[in-house]
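So that we are looking at the same thing, I have put the structure below in structure tokens.
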């Protein structure tokens, strides 16, 4: 295999992205689909490859190195699968949209950039592609509905600042290690090395969308075109963010499970799980609820990798894959619902399962999977993360378990509100989505089952080789050995179910289910009623949940305020100060110049 | 040396007058006087050709430009002049003071030339230098005069067409 | 000869600096744009004397003269253009006061 | 042979003004276009038979021109920006007489700038600076409207002070060296580097150049002149005139006359950093599109100066690269502003909006320029900024590197604001009937955008073949 082939996964999607930009509306989808298919074929071809491509680059010691091996092949393959499915979905979803050429272009260029970032073995080259993804992220959000520009700017600023941190981290680690080639770097986390790690970690987890760098995702959920949510926060950003986190944790830095760095990662992970999911619980919008789950699930991955024990890392990586699968499926169902009913407001939805049985089935599979119900795939990855977390401390295990409980509860609510109950008047004419949209959903949903039933397959073939000798010969596939963990999980899930049924019953007044559909989406509404009618422990429990949600809300808004108001206002205050100095008088300008000249002369003649 | 000093003092006073004169016309004339004194200083410094240019161009042409430009504008009314001159006294009286202080400071500091001065042996003819060694400057001047003539066409002539 | 020249330079230097101060002060303080132009002329005079002086002190009179002649030609063109600009402003505002050209700011 | 760049335009501009003015008025545009394209082709063909190798001395009669790689880059930028300005002038100036005068002035300005980059004599440098500046003054006021005259007057005044400063410095250097050629002055300076007179001459000259280049705090004239200038003049002025007469000259003077002393480096770094930060902040709050671009120009020039201030090979090459990139993308932004001014009738950003829908070419090219300016890969601006930041880092100026990095966020912020207000979103009331800019402006913006993208994509090739050899200016 010639090493130049490694350039193709970057060049082909990029070129076809540019091509798609200038294609007429009729053929755009076709171009994008062909490009995605070629990308997938390439990814399959490169899957087991182990090639290095080196090119001298500029005149100052950098080398442009691309390296394909086990891990990058895995990520590229996964990304290629999602890309082609989502492109297929888009051919219908974006058919009437004028901006579809931009969407395809940005999507394909994102794929090119992702492939580049994953293949790059040089930190600067990787940064180049990494920043390219930031750019397309901006474009993808900005082409959404009219107000989307603000959200795009917010995302750009937040991710941009984190990327600057990463840039600094790259400079620092390049300085410390004396090389910028990723596979040659091996640093300790003492002193500046620790700072470098934290800076790089900020870049990685902000890309993945973890707290506290998440606040653009829920906004984007409403503003950006929906397939964007399925592919970007749903799949690609998780893949690349967690990929880089794994690379720095396993390859670039010498970490051991008892270091402070591990503790930092686990704390970030568990906080993200709990806070984001409590936010999700009180959402009233299909897409916004999902977007908070997209944040929450990152917490499991960071927690898993942060444990730095093999079980946890494998769990984290497996969860990354699983999450990409079911989260994009969930977003796609959301898209189908939006296309058919014209809304994603849970108040206006309900009873859709009759009208859209296939969509509902896909949703149900993905939802039970994300809730971690055995034997779906989410269950196995979560169990591995639990396993790792338990090894490091009970508190992290409990946080993860609590997250699981709330996840299950919120998905019961979502499913109930959107698909069950009585259909509202506006949606009576809704029908099943077209086949091009169903096909990706079905394929992805079936992967939930396949990776659940045959979970040893992805773990042993895809993930365990990445760890190499760290495994020490263990095998983590299959059903968990520790039955207590399983029992705890199942108990938690049952508790969530009981909680839900109970809530529905209590909220349901004379008309029962109908009333519930009007009120259930507003979970706080249930809370209010529950406070009056229920026996104490339940009310107390709900109150606690409510308080946690409120705190999470204010934390979330607080971060938002810092990004939106503080920086901007401060910058404009400075700007106005400078502008008021420019009073238009040439004498003033001349006076500044002469004063400056005086200073320069004094400085130089010292 | 004494003559030089007297000339320099005259030059400075003329310049001061140009700055402080009440009417613009007088200021332009004061500037012409400054130029004339500079011409004499140039003669004294063994630079006759440059002095001739200074005399004809700066004392003649530039003064003509100034005077014609000033005559195209409406002079201030008497009341305005009075108001201005009151104001002006407040703004200008410390200029001579600053100048004298600066001169005294420089004199007392005894700023010295602290580099060996080069002595150029070949004292060449001005025309030779201008036309042979510094030919490039001549071309530059030609282009500049071209550009300036376009400027004058644009700024002066076309404005009559606007009729404003 | 050389010591004498250095002394000559020092004395001339003082007056040149005074001329600079007068010119800059004029541009900074006057309200009349035409007078600011006169200030500019005074500065140019100072530079002319400085160049001639530098030529004289180093015994390089021919060279200095040639560049001063160039300088004078350039000076005329610049002054003419500037006067034209000031007159055009005068046509718009009917005033030579510098406060009339403070529209562009911020 | 380099004298051709001087001789042909000179003969051309004289020929244009001979009798048969009627005919000449029609052909003037094509003559100028051919002239600039000829220059682009000659420079980019890069043939050694024409240029010789390394330092080339060309002459006609007794005129000496020197051409090295830095000069080549500048010649290329001059011709391409002049071409853009010419195209904009064709579309924006409807009166035939005015257009004819403008084209003549454009050619004289180009002669002046070609002269600036090719001479090796400090006084000739001054002469050509004045040629370029006087042409620019008149081009700004071509429409004789009040704001343009006001901006031009401020520019003339500050620029005159700058030339006075340079001339005083030339006087002192003449005293020290007895000659005005770079070689003689450089030798005299290196023989007595500690002299106060030398330091004074250096400081005054640098200050003059700072005014010409519009750096903080010498920048007062710049926003006024840029924002008020006639559209084609603002393209030329912002794109190349101040860059050549201020920044290029600074680079040339410091490298070939004064050399990098620690004090000079420090002054350059401080002024560069101040320009970056203050320019970016001031740009943030602007309502007028051209004024924002003017402040942005100050900020970008700060990057050039800060990179140059390191004095290292990487820093100087990065600065030259950024100078080139900035000339291209800033003139592209001004071309877009001209298109907006022409079609929408205003450059007030509060009254603009959604122009991308009606002016797709303008919208797209301005997005390219904006991305390049904010340093987003893979466009040209990213590479030069990265090189400058790496150079700062390697030279140990970590705080300055941090300033440069952090301000690029600010750059992105104000340019995004500009894009959003002018080009994205819903179309503003009253602008529904705007249409795409005239063909000439579109051609100009497409050429410039293509250069930006091309240089970015083929960065290694461009950098190694054209920019890296510039390091020869550091070896005296």
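A, B, C and D label the chains in the order they appear, each numbered from 1.
Operating definition for what follows: a residue touches a chain if its C-beta (ideal position, glycine included) is under 8 Å from a C-beta of that chain, and two chains touch if they have at least 3 such contacts.
Remember, predicted model here, so these are calculated numbers, not experimental data.
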Shared interface partners, meaning chains that touch chain A and chain D: C
Centre-to-centre distance between chain C and chain B (centres being mean Cα positions), rounded to whole Å: 6
Chain B-chain D separation of Cα centroids, rounded to whole Å: 31
Intercentroid distance (Cα basis), chain B paired with chain A, Å: 72
Centre-to-centre distance between chain D and chain C (centres being mean Cα positions), rounded to whole Å: 27
Chain D, residues touching no fewer than two other chains: 123, 127, 130, 134, 137-138, 141, 144, 153-154, 157, 161, 175, 178-179, 196, 223-224, 286
Sequence positions of chain C contacting 2 or more other chains: 9, 24, 27, 29, 53, 55, 57-58, 60, 63-64, 67, 70, 74, 77, 81, 85-86, 88, 92, 101, 103-106
Residues within chain B bordering two or more other chains: 111, 113, 117-120, 133-134, 137, 140-141, 144, 147-148, 151, 155, 159
Touching pairs - complete list by chain label: A-C, A-D, B-C, B-D, C-D
Touching residues (chain side chain B, partner chain C) in the complex: 1, 4-5, 8-9, 11-12, 15-16, 18-19, 24, 27-28, 31, 34-35, 38, 41-42, 45-47, 49-50, 53-54, 57-58, 61-62, 65-66, 69-70, 72-74, 84, 91-92, 95, 98-99, 102-103, 106-107, 110-113, 117-121, 123-126, 128-130, 133-134, 137-138, 140-141, 144-145, 147-148, 151-152, 155-156, 159, 164
Complex interface listing, chain C residues touching chain A: 24, 27-29, 98-99, 101-106
Complex contacts: residues of chain A adjacent to chain D: 56-60, 128, 131-132, 134-135, 142, 146, 149, 153, 156-157, 160-161, 164, 167-168, 171, 175, 571-572, 574-576, 578-579, 582, 584, 586, 588-590, 592-593, 595-597, 600-601, 603-606
Residues of chain D defined as touching chain C within the complex: 123, 127, 130, 134, 137-138, 141, 144, 146-147, 149-154, 156-157, 160-161, 164, 167-168, 170-172, 174-175, 178-180, 223-224, 227-228, 286-287, 291
Residues on chain D engaged by chain B in the complex (per definition of touch): 6, 10, 13-14, 17, 61-64, 97-98, 101, 104-105, 108-109, 111-112, 115, 119, 121, 123-124, 127-128, 130-131, 134-135, 137-138, 141-142, 144, 175-179, 188, 192, 195-198
